[in-house]
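Here come two complexes built around chain A, the first alongside chain B, the second alongside chain C.
So, the complex of A and B:
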C-alpha cells in the first residue's frame, strides 16, 4: 500500500507568513525523521523562497511542501509559486550578489546549494515557479 | 512592538525574535545608534538564539547593523548562533555575515569590551577580562 503524502501549504503575503512557512517546514521535516541540521536547511530554503514572494511578487504566492516517506528513504518536495512579475534573466538571478531590491542577492543561489535538487521556471508578466527536493538520509 | 535593548555597563544587549519585521529592524538600529552616539554605550551584542533561521535577509540586516555601529565608532558582536544555523550558512555560501561573533551573550559582552579596549577606544571602564 502506498501511504498518503503529507502536504503543507502556506499562502505567503507578509513576513508573518514567512515565519509560519519555515516553522511548518521544520516541523514537517522533523516528524518524518529528518535530522535537525537537514530540517534547519529546509526551513532556511523555505524562508528564502517565501521572503522572495513577499519582496518580489506583488501579490505574494504559495509555498507547498509534500513528503514522500518510506522506511528506508524520504523526500520533501518544496514548491514556491506566484503570479508576480517573473524574472527576465534567470542566469543573472541565480548569480551570487545579484539583487534588484538592494538585498545580498544570496537567496536563490544559496537555496540551490542547500537542497538536493533545484529547478526554476519563470515567465515575465506571468510568474515564477521553483521546485526543490530535500532527501533523507 | 519594539525589540528591547538592555544595557550592561557600556554594552547594549538585544535578542532578535523569530519573526522580526522590517519596522522592528529599523527601530532597533535607530535606538542602538542613538545610545552609542549619546556616549552611553561602546557597543552592541546581538543575540540570535531565538531566531529560527538566519536567511540572507537576516544576514543582510545583521551585517548592515554592524556596519552602522562601526561607522558610529562602536563595536557590534553577534552571539548565540546555533550549530545548525552555522552549518547552513556555510552550505549557502561564505561571507553572508560580515561581523564579529561570539559563542554566547557573555562572550559577546567580553568581546565588545576587549575590542573597544584594544582599539584604544573609551577607557572609562576597566575591561572585565
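So, the complex of A and C:
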C-alpha cells in the first residue's frame, strides 16, 4: 500500500509569504522525521526559491512541497514555479556571485548544494520551474 | 428628476425620529457584536447620518456637496465600527438595513402601487447602495491602517539598541528579518553607534529563525556601514543548524566577526577595546 503523500503549497507574492513557506517547510520536514539540520536546510532552500519568486518574478509564483514517506526512507520534493520573465542564461544564474538585482548571488547555487537533487528549467518570457529533492535518512 | 428626491426628503424630514428609532431597534440584530459602551456613540452618529441624508434628498441634486457630506458621515461610522471590532458584514448590514426601514416608510406615506413610489424607492435604494460601498471601502481602509500601525509598533518593539558597556551597544534581533526590518536595524544601529559613541556593536541573531542569502546580505551591508563610522560589528548567536546551512550556501561572512554565543561575543568586544576599556575579565560576566 502506498501512503497518501503529504502536500503543502504556498502562493508566494510578498515577503510574508516567503516566511510562511519556509515555516511550513520546516514543520513538514520535522513531521516526517527529518533531523533539525536537514529541516533547516530545506527551509533555507525554500526561503531562497520563494524570495527569488518575490524579487525576480513580477507576479510571484507557487511553492509546493510533497512528501513520500515510507518507514525506511522518505523524500521531500520541492517545486518552485512561476510565469515570470524566465532566466536567459541558466549557466550564469547558477554561478556563485551572479545577481541581476544586487544580491549576493548565492541563492540558486546555494540551494543546489543544500538539496540532494536539483533541476531547473526556464523559458524566457514564459517562466521558471525548479525541482529539488531532499531525502531521509 | 428632482421630484422623487424631494418627495423622499420631505417624508424623511417629517419622520426623522421614527427612522432613527426603527434603525436603533434593529441594531441588536444587525450588529450583535457592538459593545454597549460604543452603542451610545453609534446612536449619535446614525442620527447625524439620517439628518444629512434628509438634507441631501431635499437639495434634489444627485451629486454635489450634500452627497459628499452624507458619504463622509457613512465613512466615519464605518471607521468607528471597524475600530469597535464589528465585522464588515455587520457594518454593511447596518447601513443596508436603512433601505428596509426607509422603504417601509415610503410605502406608507406614498400610497401603494403608484409610479411615484417606485421612483422614490429607486432614488433611496441608489443612495443607500452607494453608501454601503463607501462604508465597505472605508472599513477596509481603517482595518489596514490599524494593521499598518500595529506593524510599526511591532517594528519599534523588536529592535532595541542597548548601551551595555562603555563603547559597546547590543542589538538583539528577534523574529523575521524582511527588507523593511533589515533597513530599520541598519538605521537604528548606526544611530545608536553615533549617539552612544560606541566603537562596537553586538548584533545577536539568536532570535532570528533563519539566515538565508538575503539576511546575510543585510548583515553584510550593516557591518560595512558601521565600519564607515569607525565601528566594528560582532554577530553572535548563529545556531549550529544555521552555521551548517550557511557553509553550504557559501555566503561570504568573512567581512564580519562572528561568535557562537553572546558571551563569547562580549569577550571579543572587550578584547577589541583592549586596555581602553576598564572592562571586566571574562570571569566577571
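Heads up, the rule we're going with is that the second predicted complex is superposed on the first by the 137 of 137 C-alpha atoms of A that agree within 3 Å, B and C clash if a C-alpha of one lies under 4 Å from a C-alpha of the other, contacts with A are read in each partner's own complex, and residues count from 1 in each chain.
The rule is simple: contacts are C-beta pairs under 8 Å (C-beta built on N, C-alpha and C of every residue); 3 or more make two chains touch, one makes a residue touch a chain.
As the structure is a computational prediction, the values presented were derived from the model and not from experiment.
Student: Thinking of the overlay built on chain A, is A:128 touched by chain B (first), by chain C (second), by both, or by neither?
Tutor: neither
Student: Where does A:109 make contact in the superposed view: on chain B (first), on chain C (second), on both, or on neither?
Tutor: A:109 sits against chain B and chain C alike.
Student: Does chain B (first) or chain C (second) touch A:19, or do both, or does neither?
Tutor: In the superposition, A:19 touches chain B and chain C alike.
Student: Please indicate which partner A:41 is in contact with in the superposed arrangement: first for chain B, second for chain C, both, or neither.
Tutor: Both: A:41 reaches chain B and chain C.
Student: Which chain A residues come up in both lists, the one for chain B and the one for chain C?
Tutor: Looking at chain A, the two contact sets intersect at 15-16, 18-19, 22-23, 36-37, 40-41, 43-44, 47-48, 51, 96, 103-107, 109-110, 113-114.
Student: Which residues of chain C touch chain A once you look at their complex with the stated criterion?
Tutor: 176, 178-179, 209-214, 216-217, 220, 239-242, 244-245, 248-252
Student: Quick one: in the complex, what on chain A touches chain C?
Tutor: 15-16, 18-19, 22-23, 36-37, 40-41, 43-44, 47-48, 51, 96, 103-107, 109-110, 113-114
Student: Can you name the residues of chain A that touch chain B in the complex?
Tutor: By the definition above, chain A touches chain B via 15-16, 18-19, 22-23, 26, 36-37, 39-41, 43-44, 47-48, 51, 96, 103-107, 109-111, 113-114.
Student: Okay, in this complex, where on chain B does chain A touch?
Tutor: Checking each residue of chain B against chain A gives 18-22, 52-57, 59-60, 82-85, 87-88, 91-93, 96.
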